[in-house]
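The same chain A turns up in both complexes below, where it pairs with chain B and then with chain C.
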Partner chain A sequence: MSKPIVATTSLAGCFGCHMSLLDIDERILKLVELVEFNKSPVNDIKTFTKQCDVGIIEGGCCNSENIHVLKDFRKNCKILISLGECAIMGGLPAMRNNNAPVSECLEEAYLNCPSVQANDERIIPNDDELPMILDKVYPCHEIVKIDYFLPGCAPRADLIWEALVALIEGREMDLPYEVVKFD
Partner chain B sequence: MSNTIKITIDGVAVETTRGKTIFEAARENGIFIPTLCNVDNVKPKGSCRICSVYISGRLMTACTTQVEDGMEIENDTAKLNDMRKAIVELLFVEGNHFCPGCERSGSCELQALGYRFLMMVPRFSFLFQTRDIEATNPKLMKDNNRCIMCKRCIRGIKDEDGKSFFAFARRGHKVVINLDRKQAAKLTDDLARQAMEICPVGALILKGKGFDVPIGRRKYDTKPIGSDVEAKGGNC
Partner chain C sequence: MRKITIEPVTRVEGHGKVTIMQDDKGNITQTRLHIVEFRGFERFIQGRPYWEAAVVVQRLCGICPVSHHLAAAKAMDVVVGAGAGDGLTPTGEKMRRLMHYGQIFQSHVLHFFHLASPDLLFGIDADPAIRNVLGLAVTPEFTDIAVQAVMMRKYGQEIIKATAGKKIHGTGAIPGGINKHLTQEEKEQFLNGPDPMNIDKMIEWAHAGLDLLKGFHKANRAIIDDFAFHESSHLSLVRKDGALDLYHGVLRAVDTNGNRILDDVDYQDYLTYIDEEVRSWSYMKFPYLRSIGKKDGWYRVGPLARMNTCDFIDSPLAQKEFELFRAYTGGKVNNHTMHQHWARLIEILHSAEEMKRLLNDPDLYSGELTTSGARQSEGVGLIEAPRGTLFHHYRVGEDDLIEMANLIVSTTNNNEPMNVAVNKVAVAQMTGQREITEPMMNAVEVAIRAYDPCLSCATHALGRMPLEVTIVDQDNNVIDRKLR
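So, the complex of A and B:
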């Protein structure tokens, strides 16, 4: 049997979940034996070159590009995993959801913030090349179907490892209490 | 009439005394029944429903129901635990519980129940409701995003005349906990600290208190909520 193919991406995240994936230490050598990586920032493959078995999503959806990438992952991966609080519930980017409309956030960031110094023309970036900011930050499972969820900020390396190996071996996860945390 | 009575919890016969609640009887016998709105030394309210148990097929709250001789109680069953998990999930989607940024993370009872029931994701949609943070009081910060309306602060934090410092303001889904302005003048440092400690989540935070316990040493980092009750076994 050929190796399962894994793809990963970071949407509205901080790459902390990917750092945590690397935090499996020397087990990463075993991981390379167990799986093959396709599109992922880890190996810098930018586009899908084949159908993948597992897609790991870090971060929620805060702009149109995130939605595009997430739908692309759903199309190209048999199983999708939401990795970390941002993918699961929007996380820290979603703190804008409950208090400020997106226009207010942009004005604060580009016009009114005390640290804004070089924007004399008072422009909020609006180039066509830029992805549109969504009205709020969405958890991934509100955009596409997500099969598994691994909470944490970042998810503990042991949780990611156990989840991946259990998935590949087709068994239930055996999770010690310490590895499932929301922070 | 003897005060000692016998009840069964999940088929296990235990002895207890008349007048106790099911929650107390279970705890003294080393059986954990999860609670959120219930707290020691405060009259039980039975509002959060996390402690619901089946008594002869009927759902009752363990924190408010007194034991009766021969009572047969179901507690740790798959059906009940899923209902309890659903309540935890409802509270998570109803408020804005950003655990990674919360001072109370690691010692939060709501979060700890999420861990205990292995909540990987709430089954309901997040509401992202608009809630205020009130920081006018010099001692306490009140974050309505995190409040779960358990009333523990209203019921537990009182002055020497028995008058509450906190009260519900507004009605229905707009209800918020309010710190009475006149009473707030009487809020001592000790009472403010007690208010923070009685809050099961991070809705009441002492000003100047940061993330003072490192990750790994917080209350629920290594031991699940309720494990202290279970470890003691019977007659604690």
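So, the complex of A and C:
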């Protein structure tokens, strides 16, 4: 039987969830024996080259490109996992949903900021090359169907390891209380 | 006229991309590195209580969260009246230093061993499918290096966990100090744990990394010395006496001739010296020294800059390596962009030595954790993050809520230098060329990669950055597209 194929991506995340995946330490060497990686920041594969078994999503959606990538993952992966608070509920970037409209965020960063003293033309970045910022930051399951949610910021390495191996081996996850953390 | 678009992190994962304009004669007329990510942090942190800053802000970047954690904590030290970097209790300051050097260690290891070394070991033109740390792991002759990489990073992460409480997004530093001591068991484990998880092994492996790089340098002078070379000023914190110090110090900058253009500057006054330019085509701002102006006032930060600004390193093994590094350019300012890797490895060694010194310091195991004084309304916290000088600045109201926040992250300081490097490489490789080849794309990527950029302070591929180049004619019709 060929190895299960895993893909990962970071949307509006901080890469901390990916770092936590690296925190499985020595088990990385086992992981490369267990699975084959497709599209992921851990390698050079840029677009899906085949149908994947598991897709791991870090981060929510804050711009048009995030949505595009997420839909692409849903299309190409049998199982999708929301990894971490950002994917599950928007996380820190979603703090702007409460009381900070995009326009105010942009003004604060480029006009009111104390270390921008000479922006006389009042430039706010708006080039065609920049993707569209969404009105809100959206959790992944509001955009596509998500099959599993692994909480934590970042989810602990042991949690990621156990969940992933269980999925790969097709058995029930054994997630003791100590490895499921919400901070 | 045509436009060439390079997306270092593919279109769909895009946090950054490059556009290059070429006129009909084949001349490169414009190059831009666009940062396409925007968060709005400065605005939405307003109204949050000040003690939240150190735990919240680090969630901008999970690659070096400790840097944001500590920079925010240092700014809030000022707010709670605990002084600007020198007012903490010995325990408070030393625990934070241990956390920070653990962080520098693991982040530099990640960059050099996981990201850069596959290029050196497999060759720059090797098959991308194996040219990453996973490729090292499955290639018998390099398995040892992959194991070293994994275990060194683990050691740094364990130091962070012991001081900050968690490996990623910890809570150890609080305004005015730290919230825990180190235990004797932890000390024993870090100093004398079974191989390889002890500090002497880490020092040995840091040396091995330096040897690896020096060997490559000897055999490939052109790549390491000439590639993306460009002159610039350099800026960093240094200790008052001129020693390399990654946790605290005064601001110093040297120009390309080695003249000090900033010296002994108290960073609480950073606004007097530094300003940022906004350009419409990137969310990342362009910092510059006010005294020199927008056009020429830009500077580099990071390991290379630090080797250029400091006078010496206060740990014996790293000092020896520093002397060799300095001697290579005859004591002059080193503008070899690819020497970032060399500088980074010297800092890995220095961090290991610092951790060893700190672990043997009794202040880590007992003593007052926090201190405070007269409440202030404003504070600035700076730190030398792995990728360079990181600025945090907050104003806090009488109700304890944050009123204003301003960040200049390390990679932002390197914005103009990265643009300059992209331009150099594009002009050198693409002038007069009608067909854009893989080596040309690779070259642009390597120039950006040398800065170890952390875009959005986060976009950072673990493997090599995938590239997509699209060439369009004036009417935006795609005439060529290459992926790799």
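Convention: the second predicted complex is superposed on the first by the 179 of 183 C-alpha atoms of A that agree within 3 Å, B and C clash if a C-alpha of one lies under 4 Å from a C-alpha of the other, contacts with A are read in each partner's own complex, and residues count from 1 in each chain.
In this section, a contact is a pair of C-beta atoms (placed from the backbone, for glycine too) under 8 Å apart; a residue touches a chain by one contact, two chains touch by 3 or more.
What you are looking at is a predicted structure, and each value in this text was computed from that prediction instead of being measured.
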### Task
Using the superposition on chain A described above, determine whether A:153 touches chain B (first), chain C (second), both, or neither.
both
### Message
Looking at A:15 after the superposition, I want to know if it touches chain B, chain C, both of them or none. Which is it: first, second, both, neither?
### Response
second
### Message
If we overlay the two complexes on their shared chain A, which of chain B and chain C does A:68 touch? Say first, second, both or neither.
### Response
second
### Task
Could you look at A:47 and tell me whether it touches chain B, chain C, both or neither (first, second, both, neither)?
second
### Message
By the touch definition at the top of the document, which applies to A:92: first (chain B), second (chain C), both, or neither?
### Response
both
### Query
Which of the two partners, first being chain B and second being chain C, lies in contact with A:182: first, second, both, or neither?
first
### Query
Who wins on chain A residues touched, chain B or chain C?
C
### Task
Residue by residue on chain A, keep only those touching chain B in one complex and chain C in the other, then list them.
91-92, 95, 98-99, 153, 183
### Query
Given the complex with chain B, which residues does chain A contribute to the contact?
82, 85, 88-92, 94-95, 97-99, 136, 139, 141-142, 148-151, 153, 175, 177-178, 180-183
### Query
Across the complex, what residues on chain A touch chain C?
9-10, 12-20, 22-23, 25-26, 28-29, 32, 37, 40-47, 62-63, 65, 68-69, 72, 91-93, 95-96, 98-100, 102, 104-110, 113-119, 123-127, 129-131, 133, 153-154, 157, 183
### Message
Could you list, by residue number, the parts of chain C that touch chain A in their complex?
### Response
9-14, 17, 19, 32, 34, 36-40, 42-47, 56, 59-63, 65, 110, 128-129, 131-134, 137-138, 146-147, 150-151, 153-154, 157, 166-169, 270-271, 274-283, 285, 287, 290, 294, 391, 393, 404, 406, 408, 458-464, 466-468, 483-484
### Message
Quick check on the complex: what are the chain B residues that touch chain A?
### Response
92, 96, 98-102, 105-106, 111, 114-115, 118-122, 125-126, 128-131, 145, 215, 221-224
